[in-house]
Amino acid sequence: MKLHEYQSKKIFEQFGVPIPKGRVANIASEAKQIAEELGGRVVIKSQVLVGGRGKAGGIKLAKDPNEAMKFASDILGMEIKGLPVRKILVDEAVNFEQEIYLAIINNRSNNCPMIVASASGGVDIEEVAQLSPEKIIKYNIDPLLGLQDFQARDVALSIDLPRVYWKNFIKILHGLYHAFWETDSTLAEINPLVITKDERMMALDAKMIIDDNALFRHPDLIEFRDLDIEAPAEVEARKYGLSFIKLDGEIGCMVNGAGLAMATMDIIQQNGGSPANFLDIGGGAGAEKVSAALRIILSDPKVKVILINIFGGITRCDEVAKGLLSSIKQTKIKIPIVVRLVGTNEELGRRLLCDSEILTADSLVSAAKTSVLLATGGEL
Amino acid sequence: MSILVDKASRVLIQGITGNEGQFHSWQMFQYGTNVVAGVTPGKGGDWIFDGKVPVFDSVKVAKDATGANVSVIFVPARYAADAMLEAADAEIPLIVCITEGVPVRDMIQVRKFLDQKKVYLVGPNCPGLLTPGQAKVGIIPGNITKPGNVGVVSRSGTLTYEVLYAMLANDIGSSTCVGIGGDPVHGLNFIDTLELFEADPETDQVVMIGEIGGNEEQLAADYIARYMTKPVVAFIAGESAPPGKRMGHAGAIIESGEGTAEEKIHALRVSGVQIAHHPEEIASMLIR
Amino acid sequence: MKLHEYQSKKIFEQFGVPIPKGRVANIASEAKQIAEELGGRVVIKSQVLVGGRGKAGGIKLAKDPNEAMKFASDILGMEIKGLPVRKILVDEAVNFEQEIYLAIINNRSNNCPMIVASASGGVDIEEVAQLSPEKIIKYNIDPLLGLQDFQARDVALSIDLPRVYWKNFIKILHGLYHAFWETDSTLAEINPLVITKDERMMALDAKMIIDDNALFRHPDLIEFRDLDIEAPAEVEARKYGLSFIKLDGEIGCMVNGAGLAMATMDIIQQNGGSPANFLDIGGGAGAEKVSAALRIILSDPKVKVILINIFGGITRCDEVAKGLLSSIKQTKIKIPIVVRLVGTNEELGRRLLCDSEILTADSLVSAAKTSVLLATGGEL
Amino acid sequence: MSILVDKASRVLIQGITGNEGQFHSWQMFQYGTNVVAGVTPGKGGDWIFDGKVPVFDSVKVAKDATGANVSVIFVPARYAADAMLEAADAEIPLIVCITEGVPVRDMIQVRKFLDQKKVYLVGPNCPGLLTPGQAKVGIIPGNITKPGNVGVVSRSGTLTYEVLYAMLANDIGSSTCVGIGGDPVHGLNFIDTLELFEADPETDQVVMIGEIGGNEEQLAADYIARYMTKPVVAFIAGESAPPGKRMGHAGAIIESGEGTAEEKIHALRVSGVQIAHHPEEIASMLIR
């Protein structure tokens, strides 16, 4: 679960990472008021869960409350990379000397948290990583022992941080590490961590991603989920425990298993078609889950054909067939459905479907070919 | 013979009385797997499967009583770490965690603890192991493969079944199938498994099924080029996946350009691995 | 630092270990009021830092508020093993079925925390440990990983706890472990942990010892230190960073280093004398510390001779000599002082002392013999 | 030659610019110890002792620059754990922590981490090591012993000096003196040190100085009976100590009847160890 900047900053603050003064708003007049409280000069920042907000015009420096109101109004009307801006963060404007990059992520190769830091923080950090990888410091942390002071000092040394800032930096890095660890994050990032002209350090931007699998431990964080930014279909899918991602093609897919779902999409593409979605119904899905999945796929008007590929293991083919039939009964489905059923109770499943209009295929490749043919207006 | 499990394996099942656990344990039992014990805290003293398999309160007690040397875990995600730690603490040499949805932080701690213990972990979020005709340790359907000379290792679940099924349709069997799971932090990896297959006299060729995300396939490619004498056929899922979207597995995230299917396929091809375009094609690329 | 029962219970409660309802009081009328609030039947428990309070009459069950007041008044007037009772804990009376012993201490041999548990808790636990050691369960915990659920279950299993209590027990054991770990305890003990007649579990008694060296991490716990129960001399000693323990003999000792201090006491005893105290002035002690040490020793009227044994390493012999001379100048010391100075600046130290009345010795044995002789009224 | 340290040891000092650190570092330096570096975070780039010893910001940097293979720690108690972890992480093979008052919990964590690293730790709360004429690594006064054939190992500080001094008065020198410290959780123990002395060709006999509390002396007695060929003379302090009172060292608590001086003396005597009644007597019990 990605958190908004303002949410991440809230968590950082709880763990002792200094942040600028500021508040979130969803109407322009509120931005004006916050600007007045903060002394006039503020930064208006769109709260959308995509990168490149600045370049898209979603971050503006306002020199006084009136300008703050104007910019807030502009930004609240924007869409950035397809996402409407519903909230803005109004932060005090901070003058700074240096921008540092500081993040903690999990190092998959070493199975431990890793500090990533650079003296050259800011919007171009990815370019820095590309062009001057030596400017990016990576530092593994023993997950059971946790971050130690000497390690925080090593990081400060590695990025040539002036000594006068060490004490502060160590405190901030401990805060970031704890925020990362205690909230089950998979990413906790400060970019930039600035050194202000009056020699303080603070996190001007903040990004956190929480491990969805660990949300049961963090009931307080679940409230942070921003349903606004998700397609309604994805929200619906989550409700039924389906893993769904909307794509741009015409062939709707329903598969059990993420790997098989990807392989199915690959075959569609290899045969000249384009998948409309990724949809993994998971293991052991029953009839109810199947009908929900079908509903979600059908909610996309671009879908011309539905390909269902089920390899029954935990999932039983007859259950899938039942789900399909009941959905068809309820909704009048106008587009063709191609089904491939193999594995547990496959005979039973096929028998249930043989009297319906659902097409069956006996191999994945033939199912894909049939779907592509139908999607491009061909006939069988 | 096979790798990791065979008919001599003495299998213990953690979470044997849960819904999923009971269903799959029964499948394992019926397949002929040597299921010697179940563990469900609070149900010690019960017997399951017509009084043939005893249930214990703890892994330690179960191991002492039955000599179990493999544990399969079916407990819910929030208890999975505890179950793995318990099995490792009892020094069960092979732990197979089927459970999906285990938090990454839990797995980081589990791995750190297990690394001190010198036990094998397979998974989590994996279909487990199957040595056809001998032992089914997990959820890979028993009827989609038969004994043969192909070692199969995969990060995926149903995709593996697809491959085994296509092999069977072509009358090709397998020595052992290993589902290593797709989570970012997990136990046994491709290289560990390839090493075991390379050393196994019953395995003549290997099928490797990967997917986007991470760099395990690239590391495996390097290993294959340096050390493998047996031929390897691979399939990598996710060529059509858009970057940066989560694909069901936490592992299937393309991390800033790293871990694309193209990159993996290229690395494997350079190492002399044959690449299948779709799962069904694999069967035709294997040596009869 | 040993904590009182009521203090330990306060900590336990913070960590989710259930305790009886109750409150601390220091006057009898308050006990009456608390008893009224708690419904009449209460236990009055003296709060002194020694074992065997019950056998000494320091714990009484009162059947109503009036009896509570009477018992409170009795107990507040008591001295237990030399310690005056200044506070009492008034707890609801609890009827129970079983008494469990549950503690966490550090296992020195394995360098880790260890759970100690027994189904046979209660006042006779030490006897159980002697007579039926198999009834005492010991269980090591990995200090970096911390207590895991399966371990708590293993403990529950080992003490044959009925299953209906497992969930509760696991929660209590986690609470106890966290209380132990988070407060830098060297002991956290519940004896007894009872199963009540209405099937709840709670800690009827509580004992904690906090690592003095870690108090800098726990400013909130320092307030718990009960100066009342310490001899004024020991309080004074702590102020100066001296390690002092009052004993019963006649020869006051001042030594640098704990091992050497014990060896010095041993030699006094071997030569027929008896040490009045243990006093380690530590390494690098200056003149001020030495005078304070001397004052503390002299505050004991039983002391007839003072033996000072300094092996100068970090500690400089001339500093010690200066401290002695300045003390002698200030206070008129009527008892003989025997000094043995060896090591860093020993010549300088001896020269400073040679004009004073202080006796010097050139070996530890001769210093001890001289002191014993003087203490028993002999002459040199 | 000696054990653990000799004139080839390249010694680094953590906390070299603090009050105590500076005083003792200078003593070590003057003694002729091969002090190659100091570490004080924030003072990297300075030089100390007339520009002869460089100061670094971190142990890793210091080790890379100077090849240090021993670290002595003089930092205040609340920073000692971090200093030990830093030295271990930099893989300094011998770490000597002089600092007293380190919290037990810190030491428990440090020990657990160090056990994975295969480095030696001596201390904390110890006087350190002295190989007469070669290297003084800690605070044992250099002038109270001389080169000789007696290995000395002790849980105590000044009591050790007393023994060394008495030995010197009888013209007996030592191969190496090791102060292992008296804290409940510490590094090198009696057995570790006895093993090293047993294997050291320059050591012909051993003096062991113990005190009340714990059971290390009893374990050492067992080790001596089984494996030691060299004669051992021991002194145990605390015969006159009342039970249950803390004696300055957290280690010197008599734990419920365990760890009394009587018990230790008995165990050692049974193992053939000669017991001295007071420190000065030790010298007379050694072989000339």
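Letters A, B, C and D mark the chains in the order given here, with residues in each chain numbered from 1 onward.
Here is the rule we go by: a residue touches a chain if its C-beta (ideal position, glycine included) is under 8 Å from a C-beta of that chain, and two chains touch if they have at least 3 such contacts.
This is a predicted model, so every value here is computed, not measured.
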| item | value |
| --- | --- |
| Any chain in contact with chain A as well as chain B | C |
| For chain D, the least number of touch steps when starting out from chain B | 2 |
| Approximate Å spacing (C-alpha centroids) for the pair chain B, chain C | 55 |
| Chain centre separation in whole Å, for chain D relative to chain C (CA means) | 28 |
| Multi-chain contact residues (two or more partners), chain C | 142, 144-145 |
| Shared-contact residues (touching 2 or more other chains) in chain D | 109, 112-113 |
| Topology of the chain contact graph, where touching chains are joined (line, ring, star, complete, other) | other |
| Pairs of chains satisfying the touch condition | A-B, A-C, A-D, B-C, C-D |
| Of all residues in chain B, those that touch chain A in their complex | 20, 23-24, 77-78, 100-109, 111-113, 127, 139-141, 144, 154-162, 165, 182, 184-185, 209, 211-212, 214-215, 235, 237-242, 245-250, 252, 256, 261, 277-280 |
| Touch list for chain D against partner chain A, complex | 41-42, 44, 57-61, 79, 82-83, 85-86, 89, 109, 112-113 |
| Contact set on chain A toward chain B in their complex | 106, 108-109, 111-113, 126, 142-144, 181, 184, 186, 211-214, 216-217, 243, 245, 247, 255-263, 265-270, 275, 278, 280, 283-284, 311-314, 342-344, 363-365 |
| Chain B-facing residues of chain C, complex | 142, 145, 148-151, 153-154, 157, 163, 166 |
| Touching residues on chain C, where the partner in the complex is chain A | 144-145 |
